[in-house]
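The data blocks that follow each hold one structure.
Here come two complexes built around subunit A, the first alongside subunit B, the second alongside subunit C.
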Partner chain A sequence: MDGKYASDPEWASVTPIPLDDGEESGASPLAYIAYPTEYLEATSYLRAVMAANEMSERALKLTQDVIAMNPAHYTVWIYRAKILLALEKDLNEEISWLNTVALKYLKNYQIWHHRQVIMSTRASFPTLPPKEQDFLVDMFAQDSKNYHVWTYRHWLVRHFKLWDNPREIEDVNHLLKADVRNNSAWNHRYMLRFGPREGELDAGMANAGDMSTTPSDKGVLGVVDEDMVDGELLYAQEAIVRAPENRSPWWFARGVLLASGRGLEEWEEFAGKFVAGDVVKSSHAVEWLADVYAGAGKEGLAVDMLNLLKEKYDPIRKNYWDYRIKALGQATA
Partner chain B sequence: MPPIVAGKHRRKVRFPSSTSTTSSNSTNQQPPPTKSTLTNQKRPGQSRPRPKLSSATTGKMTSQAAPRPGIPDLFTQPSAIRDPLVTETTDLQDATLEKCLPFLKGISSTQQGPFNAYGVPALQRDDHVAFLYDSLEDYPPGFVILDASRPWMAYWGLAGLFLMGEDPTRFRERLIDTLRPAQNSTGGFGGGRGQISHLAGSYAAVLSLAIVGGEDTYSLIDRQAMWRWLGRLKQADGGFRVCEGGEEDVRGAYCVMAIISLLDLPSELPPDCEARKAGLNTLTDGLAQYLSRCQTFEGGISGSPGVEAHGAYAYCALACLALLGPPEETIVRHMNLPLLLSWLSSRQYGPEGGFSGRTNKLVDGCYSHWVGGCWPIIQSALDGKPQGSGPPATTVGSLFSREGLSRYILSCCQSPTGGLRDKPGKHADSYHTCYVLAGLSAMQHYHYRTDSATGSNKSWASAFTWRSTPIREDNVYEKSDRLAALHPLYGIPFPSVDEMRLWCEARPITP
Partner chain C sequence: MAAPFNTERHVKYYLRCLKTFLPSAYTSNDSNRMLLAFFTISGLDILGVLQEKTTLEERQGWIDWLYHCQVPTGGFRGFSGTDFGAERRTEENGIWDPANGPATFFALVNLLILGDDLSRVKRRECLEWLPKLQRSDGSFGEVLGPDESIASHRDLRYCMCAAGIRYMLRGSASKGVEDIEDIDVPKFISFIEACQAYDGGMAESPFREPHIGSLEFLRRGKEDIHSVPMLSPGSRKYETLVGWLASRQTGDLGEDEEEEEEEEEEEEEGSDNASTESIQDTDPTPESEVSIDEKIGALSELPALTSDSIPCAGFNGRYNKCADTCYSFWNGATLMMLDRYSVIDDVRNRRYLVEKVQHLIGGFGKTVGNPPGMTKRPLSLHVLSGTERRIPKVTNPTPSPDLLHSYFGMVSLAFQGEEGLARVDPLLVTTQRVVQHLESLPWRS
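Up next, the complex of A and B:
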């Protein structure tokens, strides 16, 4: 090969390790890719320096070259992180570079884990860098429900203890103002308010994974700030009024009530506003009332609500509503 | 008859894939295939122009056009309630519905018949089989981004072919050629030579090897090294990293359980691994609790604790729990089941009939497997402890609309150039082809557990008690659209599960 590495004196000491996919010896591997020559060469040098566990500037440059050709190459990301830490590189510079790469490859997993590895270096980032949340806002402007970005943001909150950092709830408010149906933002909101904090294992709901409790105890907090709970319930109600057929705030509210040990019945009147005779404005309100009635021993009324869902407002889920009706001990209509 | 014969015959694929649009900044690289090259490569007889569905006026016309006979209003009429407030979510949802409606009504000019009495088009078998054979052949340089996913490409192609009634064992030699250089002497498989071992690649490799079967195939896997490597991925909180230095998530947990149960690996942690220092003794210590912490207030399950509930991770978590032990014990013990059922059930949308992965996101054909695959596991958990060698005397039955999902798959997910897709307007790829077909297969079979497991080892025995029988009751597809059955926890043929497990049991690994 006489590619850019083979002809570079800096790389003269390295013997590349070719892909050797068996093509030459007559094998015909599945899903073979007609790799571009540049990629074959760069990855053959990558194999060689990785085999020697080389931590060097030239290896770092090589990783950037391979990433540019294939950002989904997870191996090269892991190797790059190792080199950066071994050479004690300026990690702020790495974050700046990652910003451009992340905006370019929106669906990539590896970038976000790499960012987390870099950001978790306490020596370089003892506290939250001021621009970090701004960058995440830029990412959400591209895709407000990007799962990898939200996963990273959740990690960031725990790592830097940002539950009460005003910027977190501000960004959630902003996203929900733009699209009240952004369920990722609702989830983040729930975790900011009710998620486990310092010293507790991370979990989507309190008590989860605790063998001394049952699954029905999941999500129930021992102590809650009642003012905060009331504020969150009011926030959910305002969101529901804007768009009653939006599942997110209804289920957020269920989570809030569960966390605070309060029952669904305190919203009976509110939910009832969306189920007035023939004018039903929210299937979630109908389901809410079904649960309130079921909890109060009014099975007949609960079944009426479930039948409304089954027959008119959410008929694709007929079998599920039938299952719920059966569970109430009533014959399926 | 499939129009293509597999073997040494190498072809350049016409390969439509949404992933191919990812560009790289390498200047000398050939551009990846684009939509325009694709449309030029349509085969004869499929060159009818696509209707322009993007404009509002055309949209109105299509939504008002009459459907074929035999299609209930449930699958052609928008939901009864619609909020006036418009946001990005409703814009995307409306656009999706507008694109799906002509397909649901059976009146899109790109659909191929024949249509049956239910207004549902036939499964275009030859086209999909051809697509799958192609998917195992050569890719042009623009597909370099798949370099780390080649074990996946093998799995999707082989599983898809099996579902379609083809014989994947003919690829045995070529699969071994593909995976041998991807295995690391330190345990596990990477995407190819020189790539570090990854749980996703190892899972896809082990499943693919199981599908093609045979002594030479099984003995390719260094099970002792695999076990040691898995030990190095175990984390103090009970979960697993996907590779050394990589992220920890529910995919990792599921892939590990699939691998150790199929390969009959010891459950003990290797003596020298880090997780032992955290007080853990086995690969499964704390694993169910880790999964429990991934359930969210919505009831669904996230990729890692505290993140949004997601259909693909829900499958990974539930299948992992069902591998750990009988689901009526593991799932009931670790999940809030009423909450989970509510969330899982709300993944199905009308009138589309398909599943979405998250609340307020769009339907996507791949969730036919990820969400659809949760249902047999949940159903089995609700049916309780198996009492005999056949199906249970009483069952809770299907808690979702089989008809809806079958309609979405056959009407909306078949690409006119072969292969299956996310939704109308998207290109087919082998990932969607495999998982949409897997979803259709799951609609057509009843999966249940019996009271006896294949093999004699008691570890993970529940995983080996699953059986399946075709559902004969009415549905909207034709006999000729029937697919083969896949094991609900492994996604490979039932005999492949049993044979690999028995072979491994006969060759125990000593810790």
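Up next, the complex of A and C:
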């Protein structure tokens, strides 16, 4: 092989280890890929330095080369992190490099996990670096619903305890103003306001990570700031009138009411404004009323609402609405 | 008349993937070869032609490759690329060639599909390794890094794979492995329950649904989990989850993406059945000046939809996103496990799969795209821990079939009893034949 590494004096001392797919011992490889020669060469040198457990500058450069061809390689990232720490490299530089890689490969898990590994090095990053949130905004400018970035931001909030950091809610407000249907931003908002805080295990709802919490208490906060809750409910209402068919704020409001121990009936009047006789302005309001009626023992009214959904406003879910009608002990047409 | 599922073309597609090299574009998924192998052989098995189109000798060669991927200390690698040779392996450098959770799960299933009896699997070593992958909060990682640290991002699919390995290798009676420490089951259950979000869906993973798979593995392993509310019909947790899954079905197929992009960049993801709805505010007035009541009064009436106005409906994975083939599987499989598959619209789901994303050359694409033969961009490789290069927004997305979407699209049809497809178990995501073979293994009877 006369490739980039074979002809490089820096690598002359290393004997590459070629890919062994077991063919010599009679095995037939599955999912064999038509690998580019450069990839085969780089990974054969990677195996060699890994086998020697080499912690060096040249190995660090090599990881970068392999990552460029296969960013999903699960050990090359761990190896890179170990070298960075062993050589006591400046981790700020690593973050800068990661910024360029993340913008190039938008949908990659390993890049964001690696960033988390680096950022959790307390010696280098005792507090939140000032540019970190700015970079996340740059990422959201590419894709405001990028799951990896949101997962990382969630971790960042918990790691640096940023629930009340004003920048967090500001960014959420900004993103929801630009796209009120951005459910990732709604999720983040909920996490900032009602998610588990310091000392509590992470979970999708308040008080839900602790094994000792009884099922009925999961999702419900012990102490509630009623003004904050009222503010969030109003925020959800403003969002709903902007786009009444947007499921996100309707379900956000359900979560807010649950966390504060308040019931859906609190919004009966609000939801009712979208359902006046034959004039319906939001299918989610119809579902809300169905739930309120069902909870109040008014099964007949609840079924009327579910029939509206089934017959007029949400026919894709006909079977689901029938299931709900049956659950109310009513016969379906 | 309903459009056909083109069995012959799908067989050809899988045979091509199995017997010829995968294209170089798959290089960025090199580390997922165990999973790609699963799609190819299980795909042919579901199509009912694995035995007929491959020889005993071929199958033995593949079995040998799977064992070639077994790590000396137990468990399997995701690909042969980390193997630098048993003779060079030491305790110190072994961390760069670790056993991988999902790969171990798929390697075991692959062996079973090919008819192997798992007798060469390092069962004890694998079961000793498994609890080390469990974090203190009950969740599971992908691989062990330096100092046995759990080195991987959080992904609930890892939990499902761990539960699956335990289910296959331990068996409910732990025959022959009674002395090996088990995973922490109560913590595991608690973690999965904690992942349910305020809207009933499951948080913390892009494919959120496998959590139910994790619990289902425990249930099948005869673990007492009848008290878990998420699995109890009638409970708030169970019913909101069913509702969340049902509401993932959408008539928004992202077909108008190109035109929408020209108008408004951030609306490119589509917007559920509200796709025709325009954002109602023009926003020049400060919000306080107009009351909410007035704003509601000014809203237009929601038009009633007729049944034939939405001919096709696939599934999305999150609110306000357009349909993606693999979610027909993820949502469907979860509903199968919850015994509520009947809440979805199977007719519209089938039409979406067969008429909108099925490919002329066999296989399925990720989303609605260009007609085959007019591919404008490279293969989309949206697979487990995969990576997708950013594509300039000038063309329609993903016209080509890829293995992940081809497989999951077909499994979704198999769930609905598509003619010519074998019955598929929603948990092991492989045929019932393979599940029966598993049950016949010595430590399970």
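By definition in this document, the second predicted complex is superposed on the first by the 315 of 333 C-alpha atoms of A that agree within 3 Å, B and C clash if a C-alpha of one lies under 4 Å from a C-alpha of the other, contacts with A are read in each partner's own complex, and residues count from 1 in each chain.
One rule holds in what follows: contacts are C-beta pairs under 8 Å (C-beta built on N, C-alpha and C of every residue); 3 or more make two chains touch, one makes a residue touch a chain.
As the structure is a prediction and not an experimental result, all values here were calculated from the model.
In the three-chain model built by superposing on subunit A, subunit B clashes with subunit C. Looking at the shared chain after the overlay, A:Gln237 reaches subunit C, while subunit B stays out of its contact range.
Residue contacts after overlaying the shared chain place A:Arg254 against subunit B and subunit C alike.
When the shared chain is aligned, subunit B and subunit C each come close enough to touch A:Arg317. In the superposition on chain A, contact of A:Asn53 is made with subunit C only, not with subunit B.
Once chain A of one complex is fitted onto chain A of the other, the partner contacts of A:Pro16 are absent, as it touches neither subunit B nor subunit C.
Shared-chain residue A:Trp150: touches subunit B; no touch with subunit C.
When the two complexes are overlaid on their common chain A, residue A:Arg158 makes contact with subunit B while staying clear of subunit C. By the touch criterion stated above, A:Lys273 is placed in contact with subunit C alone, subunit B being left untouched.
In the superposition on the C-alpha atoms of chain A, the part of subunit A touched by subunit B in one complex and by subunit C in the other spans residues 17, 19-22, 27-36, 39, 43, 47, 50-51, 69-75, 78, 82, 104-105, 107, 109, 113, 116-117, 144-145, 147, 151, 178-184, 187, 190, 194, 201-205, 208-209, 211, 215, 218-219, 242-248, 251-252, 254-255, 258-259, 280-283, 312-320, 323.
Those residues of subunit A that touch subunit B in the shared complex are 17, 19-22, 27-39, 43, 46-47, 50-51, 68-75, 78, 81-82, 104-105, 107, 109, 113, 116-117, 144-145, 147, 150-151, 154, 158, 178-184, 187, 190-191, 194-196, 201-205, 208-211, 215-216, 218-219, 242-248, 251-252, 254-255, 258-259, 280-283, 312-320, 323. Only residues 8, 10, 22, 24-26, 28-30, 74, 79-83, 85, 87-90, 135-141, 143-150, 153-154, 157, 171, 173-175, 177-178, 180-181, 190-196, 198, 237-238, 243-247, 289-290, 292-299, 302-310, 332-337, 341-342, 345-346, 348-351, 353, 358-361, 396-401, 404 of subunit B touch subunit A when the two sit together in their complex. Of all residues in subunit A, only 17, 19-22, 25-36, 39, 43, 47-48, 50-53, 69-75, 78-79, 82, 103-110, 112-113, 116-117, 142, 144-145, 147, 151, 178-184, 187, 190, 194, 201-205, 208-209, 211, 215, 218-219, 237-238, 241-248, 251-252, 254-255, 258-259, 273-274, 279-283, 312-320, 323, 327 touch subunit C in the complex they form. Those residues of subunit C that touch subunit A in the complex are listed here as 17-18, 21-24, 26-34, 36-37, 40-41, 58, 61-62, 64-68, 78, 80-85, 88-89, 92-93, 95-98, 100, 110, 137, 142-143, 145-146, 151-155, 186-187, 190-191, 193-200, 202-204, 206, 229, 234-235, 237, 239, 242-243, 246-247, 249-251, 266-267, 269, 271-274, 277, 279-281, 287, 292-293, 295-296, 299-302, 304-307, 310, 313, 318-321, 340, 342-345, 348, 382, 385-390.
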